[in-house]
Amino acid sequence: MKKSKKPESSFHLLKQLCEIQAPSGHEKPVKEFLLNYTKREKKHWLSQPEIIEGNEFQDCFMLKFGKPRTAIFAHMDTVGFSVRYFNQLVSIGSPNAEAGTRLVGLDPLGPIECELEYDKEDHAFYKFGRPIERGTTLTYKIDFRETKDFIQTPYLDNRLGIFNALKVAETLEDGVIVFSCWEEHGGGSIGYLAKYIQKKWKVRQAIISDITWVSDGVEHGKGVAISLRDRNIPRRSFVNQIIAIAQKNKIPYQLEVEGSGSSDGGELQRGPLSFDWCFVGAPEHGAHTPHEKVHKTDIETMIELYEKVMKEL
Amino acid sequence: MKKSKKPESSFHLLKQLCEIQAPSGHEKPVKEFLLNYTKREKKHWLSQPEIIEGNEFQDCFMLKFGKPRTAIFAHMDTVGFSVRYFNQLVSIGSPNAEAGTRLVGLDPLGPIECELEYDKEDHAFYKFGRPIERGTTLTYKIDFRETKDFIQTPYLDNRLGIFNALKVAETLEDGVIVFSCWEEHGGGSIGYLAKYIQKKWKVRQAIISDITWVSDGVEHGKGVAISLRDRNIPRRSFVNQIIAIAQKNKIPYQLEVEGSGSSDGGELQRGPLSFDWCFVGAPEHGAHTPHEKVHKTDIETMIELYEKVMKEL
Amino acid sequence: MKKSKKPESSFHLLKQLCEIQAPSGHEKPVKEFLLNYTKREKKHWLSQPEIIEGNEFQDCFMLKFGKPRTAIFAHMDTVGFSVRYFNQLVSIGSPNAEAGTRLVGLDPLGPIECELEYDKEDHAFYKFGRPIERGTTLTYKIDFRETKDFIQTPYLDNRLGIFNALKVAETLEDGVIVFSCWEEHGGGSIGYLAKYIQKKWKVRQAIISDITWVSDGVEHGKGVAISLRDRNIPRRSFVNQIIAIAQKNKIPYQLEVEGSGSSDGGELQRGPLSFDWCFVGAPEHGAHTPHEKVHKTDIETMIELYEKVMKEL
């Protein structure tokens, strides 16, 4: 019954995840997809998770396996735009797209595919044949590009973090996977999710399954990035444990040191609980653009390292 | 015994509220006024509230009616100034006043009415016949202007939000009204207030009784604003319930979509509890200036919508 | 058995504290020093504290004396630098040092003493004979300068706040001293520490033992500063109680009013608990530089006021 630990040769599931429209505050469709996926697939998994959801978790949910010592946090939301007045757009999170980008959405008059424009002061607008209802959310149109070595598509951040969590779920025996909301737009769900798992199972270790940046020190194809810091600084002695697991298991990894950027880890850091956390994720080129690009080796080593960390930490 | 649901033709109570000097950190006089008002007036109310206060709530307090499902949050503080060294002033919140504005306060030498000045780098100073004691707080002198259609005065933000809550209190059967502190200056009371009402009565729905902006999409006299977002983005499915109640009851309303601005709702969003929230308030012209102006229709529809929401949500 | 309340004529302990390298996220060495110091010295103290520590408090710990009503918060971390890629440095907190400043650290190749440099865009670099391992932390080299009136050294902020707490510990009968982490870099430990002491002993009063600024209104040698506000505004009625204790005991003090700056008090303010707090600390010249300078009178009055506040509040 035990499944192979290798990622599927096909990234069909990742493509499906990318196609779900769900900017911050509108995560429900991702939750529904993931609940259906879990109910359908879990019979193939090594260990059967308990599904924890309900109105008291808003649109978040958790998969609990065995006796959790460590939590995986993966956020479900993406960057995007809200339609304001006239043809104005307001950012959700920090999207970074060139004029002409195709945006998609839905309002009471039907499905929308429009074009992104900017004025001279860099204010964003949409160009479409009709007015779009106030408050409608728009996201990048998916253009999923797979080559031998790379995946390129909008929203690898963070549908790839979710993909990673689902792959790890296949063989997970003890641990909890937390699917969170609002990460791209100031947060707001980590506090109660962390509280629940700490109160229930005394979990105080977290790994953040999210996507980071290719930079002058972190390259495509050199392995998953373990972040020593971004805007926030986790407790170094905890991060050292993750590094030791990667070394022991000979999993290629890269150490990241940044002064900016944040993640669900930042919310754990600043929140009112004692939580050790570490960001562990594949580096991408083109963060928050419609052209996010990740090397397949970095995806594979990400999944491998998560599997080991969840066992050995 | 049941009172008319129409607001009093007179806004005498609102004027009294505006006259209380209470910038962030100095909310005690508002609390005392409201406790006296409640003790005096509650015999005319449909349902008798429990008053919840004490040192563990600092200068905040709550009125609890029946079995609460939803909370109204109204902040008691205003913007203003702290006297620094020499004749320098430091902002409390983000006041926005022209040079020459009359500021009032009190120090051990007596009552103060002085004038606001700026230097070339836009630093604020006071002009007064004597030095004012370090740390004294100053607020705009009240100049309450009522016409057939409009109310104009400093501090409609948020004495009008409090006025709304008191009007709703007259007929409220189930709900809790939370009077909060520090909203204009970074917050700090919502966390423990929200925790109390959630622990005690499992309340996880909040309506923010506060004042928003007239803008290029929200006009005077077109009805209360229901905010789809400001700097923070509430869960859309919750906001949709408020909109549905306005529609069902044929209450004029306007949908707001902003990229900036925050409220007690932002603290609920970022705080460590699961809370759905929605900002519902009259739009004003001249936010944080001594000339805040609101249309009476927008006040009336605000009260009407709150009454329905507290019943039907 | 009762010790003199005067600070030791020698500041040897303060020098030892300054020499410990421990920027935010790497506080463990300070904790170890303080635990050893406490275990060795407490037999000379008036009252025997309970030591509260463990993995659930990360690298923080507490000393609990008698029946606490009030907590002293003193942060253990300092500003510094993380080694990024190549010879780049990223700030920990907000260090403020001139080019040429000596920085020290340790990596697997051995101890480091290097020089701080800046490029034209003010990016920080190190100059050293060999590459330093990615993620290594660097701090100012200690140059402890004592004259008749002044102490000058890097990291008076906040090793002097800790020194103050240890001096107060000698005669403390009821109270808790909380040694916190991450204060210089966005915080993250105050939430759970405050929760613990409030849940355990109903403590809701806090004094922040930290260092503030000499300014145009606060001078060297005029006494400890009691802060009416910085970026955050504490409840004025609480701060007034501290001022009254200083007045009653004729302890020289200065009132501070600032618009910026923050401390562990800011985390208490914004956190989800009801906590009254007040910043009480010696003013220094050269904050966050390698040349922080404090007048001995301000240290002495700081210790005196803490002793009284912990008794009388």
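By letter and in written order, the chains are A, B and C; residue numbering begins at 1 in each of them.
To be clear about the criterion, a contact is a pair of C-beta atoms (placed from the backbone, for glycine too) under 8 Å apart; a residue touches a chain by one contact, two chains touch by 3 or more.
A quick note: this is a predicted structure, and the numbers were derived from the prediction, not measured.
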Which angle of rotation, from 0 to 180°, maps the CA atoms of subunit A onto the equivalent atoms of subunit B, to the nearest 5?
120
If you list every residue number at the subunit A and subunit C contact, are more than half found on both copies (same) or fewer than half (different)?
different
So how far apart, in whole Å, are subunit A and subunit C when each is placed at the average of its C-alpha atoms?
37
Send over the residues of subunit C in touch with two or more other chains.
271-273
Under the touch definition given earlier, write down the residues of subunit C that touch subunit B in their complex.
204, 215-217, 228-229, 231-237, 255, 257-259, 269-274, 276
Using the touch definition up top, name the residues of subunit B that touch subunit C in the complex.
24-26, 28, 55-59, 82-86, 90-92, 134-135, 137, 181-182, 185-189, 191-192, 194-195, 271-273
